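Presented sequentially are two complexes of chain A, the first with chain B as partner and the second with chain C.
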Partner chain A sequence: MTLFVPDVSAAYLRDLIVPVGETIGMAAAGMFVAFALGIPIAVAIGTRAPGFRLLVAALSSLRAIPDLTLAILAVVIVGLGPGAGVVALALFYTAMVGRVYADLFLTAERAPLEALRATGASRVAIAAFGLLPLTMSDLLTFGSYAFECAMRASIIVGAVGGGGLGTELVGSLNALAYHRVLTLILVLVALVAIVDRFGALVRRTPRLGLLLVPVGLISLWLNRPGLFSFAHALGVFGGMLPPALRLPEVAALPALIAQTLGMALGGTLLGAVLAFPTSPAAAQRIAPPALALLLRRIFDVARAIPELVWGLVLVVSIGTGPFAGAIALGLHSAGVLGKLYAESFENAPVAPIAALASTGARTLPIVAFGFVPLALGPLVVHTLFRLEWNVRAAAIVGMIGAGGIGQALYQAQQLFFYREMLAYVLVTWGLVALSDWLGERLRLRLGWRFVASG
Partner chain B sequence: MLELRGVSVLYTRDARPALAGVTLDVAAGECVALVGPSGGGKTTLLRSINGSVPLAGGSIRVDGVDVSTLRGPTLRRLRTRLAMVAQQHDLVDRLRVYQNVMAGALGRWSTWHALRFLIAPRRHELEEAHAALSSVGVPEKLRSLTSDLSGGQQQRVAIARALVQRPSAILADEPIASLDPLLGEQILRLLCRLARERNIALLCSLHQPELARRYFDRVVTIADGMLAVDGAALRAGGAGPAHVR
Partner chain C sequence: MGSHKSTNMPSMRSLRLSRRSLLVSVVAMGLEAALPGRARGASTVRVGMIPDAGGTQVSIDQKKPLRDYLAGKLGRDVELVIPTNYNATVEALGNGSLDFAYLGGLTYVKAHARYGVVPLVQRAGDRRFHSLFITQRASAIHALRDLRGKKFAFGDINSTSGHLMPYYAMLKAGLDPERDLTYRYTGNHPATAKAVEAAVVDAGALDESVYRAMIDGGQLDKTKLRVFFTTPPFVDYVWVARKDVPADDQRTFADAFLALREPRQAPILEILRGSSFVRATDDEYLTLRMVANKLQLL
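Right, the complex of A and B next:
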């Protein structure tokens, strides 16, 4: 029960300054690179530069390697510490920012862009005077969302030796210092909340986003890889080739994949089952404002704690295995879906709801006859997208003993079986790429291209 | 029936009252049209009867019950007796037609009954929906998806929902504004016929004074939040205040 009393002694909080700084630094440096590389790539795709389809495919396939898997690779290649975290975050979020911004550019209003092109403007000019202003609000919304994700990811990459709060968290768990674990989780929730607020500020005053430049640059400088480590990295990477699995490992593969997919499915289901009945009460159009606000905060906390951290805590309390993994995914998903479902209800058309209310209907019937059918499209799409995301997350939580492909990958790394490790990375990649592809096709058929998530 | 006495409404940010001392009666089975310029107070008047707009002065009685004193559950119970018909787009388009029609019964159903109906409607409930749809002329649409209906058909379904509500009064806010003229006249004729047959007070805001005069028992004009002319009063030879009866 000591878990429920956080360690807030001055000495411990002082000790946290460096890891918190590292975590923020990794996120800032990673996102700085992601924007610096992702935006030009997205502009190239958005203006249909020669070979843009190839770029799209490259981004999609890079995005299919979960961030923590990238972090493990980076730790092996770059070495322990925040440098590895920066590399992993920069790669993952370059792909994410590039891909989503490219989609936004490709679907931007055509007429003003054609007019610009007719003047003989260059790609850069078209971007500066057409693409960016046309899509600015979406760019900012997604950008701040991506930064929030990067902050959570920056915590989890630490769990595999990327430095920062994640490393601290794993250390405290291994030392059975649960009161410190609670402190760390509170710090993490606070950090994500701050990033969320900052994102809202940047959406209102976009110039504030430029703060990312100095912070990102400083952090990049602090974590610059040395020349020696570059040569070392090449050597290590050579040692991973060619990827290979022995026969018993190949035979175990289907079971591992089934475990991972089972965790993703179970976690999504649990998240939906927890979120669906509670989310109407989190919508201000349905519930009293005080109740709605309280539930939103609960969702925020569940959402701020990444799947992996839920997993770390659960593995300690209910033991290892895919069941713990599914619950970890479910708790985080419940927070995400609860927020998104509530927003879908808030966005339901006004007139039919008013008509139902005017018949003197009670609240729950109004929800059942009005809000749910009216918001059904977004509800389904958000859930499908969460399932897609949870395939990634299931591969990640496997690393902390929840089983599946992730656990096999992590064990191979811990035992320095790098060729096996790379083989598992490739399997993970294939699995996620396939689920992404299926999910995207399904969403396009439902007429939905972009979904916010968190 | 509806009794409005000196009804005033102030929207806080507006210096000019939205309604200034409106007095009006609508008897059971009587069809009254409300005409006047946009922003003149037609919608506010209808919404105030429903208890959706707080009154700054005066009183509104529905079947003798003072609306402004009601809150929460009692207001909800009153609303079951007032059916609203809006411009359009006020049906839930993803539901089946019979589900939208029977939504009119939500006010008298328990929450449990409502949820059970969504999953497993009983035969007599479907028959009630069918009967309501027959009286608005689209019985064959019972099980159609609401989004597959045309604008005119949707408005008929909205009226069927109002009938299922078994109201004392129907408050219709520009019910034909988004329909073509021919369809619009059909809908007006239908509304007035049903109101007379079933002894329902009908108060209907309209844009077209000539249609109002053709189909309604009485026409009142509202501008700047005040009633100007009462058709019946004029015909009776009295040029006095709006409230006569």
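Right, the complex of A and C next:
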């Protein structure tokens, strides 16, 4: 593979301006809608408004539909184009923001809220003067993380709708133009880094977050759907009911589920195995700054490349199938976990480490007997969150031939067997809901609640 | 082409609408009327190409000659859209967000059944198209029966030349792909070729025009690969119009393709991987329809 020399000719870079703008626009518009809808929904759940359980159920079902599937369904309603991407992102991230923010609100300090409620304040007032200020730093941390995810996802959903860097990436991969693939991956890495940097700025100066309002509105207008075909959508969605599987398909289900779960487990394990030994060297408290910085950048690159894109690149070298799927999940997970593990080490309490160092212990024993045990809680929680995420991600890489439920879902959709497709969506929903529930139980037992899983 | 109103609402279903969905639909119709006909101007012609067209570069810069040519002939702005999957392309023909599209044979059959798309033109070679079975040069596979117990690659499940016809050829040769070998879908023709070249699989089947283009373009090492079986001819790719596109526009579009000649329009023909175009009819697809039915793909 001559993947290693990017195409940086002026002509090509100029051609990329519009796709890059479309990708940013889709992410900004989608996230604007996600925050605008997700925050009120989270407040409703957080203040236990009537019917909040129904809202929770609705959010988790939405989150269970792979974003690629959502994008194709969006095409049915609003036609091809970046507008479909915006709709898909808005739906998916409304569910994500709504669910996580609701969790944050539900676990916020009770005393100040009770005091507010005692004054007879309305839900809106409780949210504005209680919930939001109390949880602001977590809201911002997760908000910027969600934005970063949306930026990566807009590549995937853009490819379906026929817009942005995704179309260009898939086209270049199909044409085996690896030098361009590399350029596009570098552009993606840069975009994610910019979002990351901006997120850090917003955490310091929350007011900057308001910039999303004008940017989001403008992007929403530029990427507005070209049409709204309600009648068509009604016909198509009606054709999905009732969900159904034929007998041989039912018989194949256990194997498909095992493949999906196997990919998720294998990918998480690979990510952890790659990240665990390297992440201490990415923490500035432990390693020389130059080495830490270098490793962080490597993690950033691995993380910026979505699982699906890793999978597309790997198809050529190791083919398709669950093994390739697990590797794709593992490489992305390694980037995510490497960064999170390193941050956990940075956040380890100072005093015990200093005490250990004063005995004259060398770096390796300090890491092994100081940092690792001290940061064990967050390390485990991050890994569990990744496992939950990877159950969903395994369904997505399944779509490019990695197997499992995702592949079955995608093939049913591609062949217009919509009733089967809906059945597979429901199975995916069950798997994701189950893994969410198990993860939550485990985290509660470990005494940990939400950690921004970046 | 200004109107995009869908005419596909099944009347039985609409009778069963509850009061609430009636309210929703009234609001929705209002939205439908309020939104601009198409985001990029109602007179823009939107043309879609399925991912199979991506055997050669589908990158932005290389689409320009085709787009400019069509815009000149139609006297209107043309937007070339290249979605990455078959399903979205067909649904877009159904709801009017595409006016014309390039489809594979099986996709055409489905799109025709669902939304009544009209076949217009195809490359002369599309009437007698072939799938190639390829393997590594030194492999022991020389005929379809040698595939028994081997690892095999199809392209996309919805592809005529990358799945349907090769699968059928295996059945005809007395081979049951479900039982006699293990197979995978790589997602597209170039990936199949690369998977065979890299020996990730023992053999694979793909579109002959993509294979030739990749060999000619140096993207495949022809010293590593060997074609060991060519399917009997079948009818494949076709350019179609959405049912509601006015007849005049359909004719102009078809004539634009029929008028393509080497060497004057060589760059365009190269994008389309063909040398000349002929008219297409629905009757040509009878056999394909029968095969797809037999394989339970319809």
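Basically, the second predicted complex is superposed on the first by the 435 of 454 C-alpha atoms of A that agree within 3 Å, B and C clash if a C-alpha of one lies under 4 Å from a C-alpha of the other, contacts with A are read in each partner's own complex, and residues count from 1 in each chain.
Quick note on the criterion: a contact is a pair of C-beta atoms (placed from the backbone, for glycine too) under 8 Å apart; a residue touches a chain by one contact, two chains touch by 3 or more.
Predicted model only: the values in this text are computed from it and were never measured.
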| item | value |
| --- | --- |
| Contacts of A:373 with chain B and chain C, given as first, second, both or neither | first |
| Which superposed partner A:359 touches (first chain B, second chain C, both, neither) | first |
| Which superposed partner A:411 touches (first chain B, second chain C, both, neither) | second |
| Which superposed partner A:349 touches (first chain B, second chain C, both, neither) | first |
| Which of chain B and chain C A:318 touches, first, second, both or neither | second |
| Between chain B and chain C, more extensive residue contact with chain A | C |
| Partner chain(s) touched by A:96 [first = chain B, second = chain C, both, neither] | neither |
| Residues of chain A that lie at the interface with chain B and also at the interface with chain C | none |
| Residue ranges of chain A touching chain B (in the complex, touch as defined) | 349, 351-352, 354-362, 364-366, 368-370, 373-374, 376 |
| Of chain C, residues touching chain A in the complex | 4-10, 13-14, 25, 28-29, 31-32, 35-40, 46, 48, 51, 54-61, 81-92, 94-98, 110, 114, 153, 156-158, 184-188, 190-191, 194-195, 198, 200-201, 214, 219, 297 |
| Contact set on chain B toward chain A in their complex | 50, 52, 76-84, 86, 89-95, 99, 103-109, 111, 114-115, 118, 158, 161, 165 |
| Footprint of chain C on chain A - complex, ascending | 11-12, 15, 18-19, 71-72, 75-81, 83-84, 159-162, 166-168, 170-172, 174-177, 180, 224-236, 238, 315-321, 400-401, 407, 411, 413-416 |
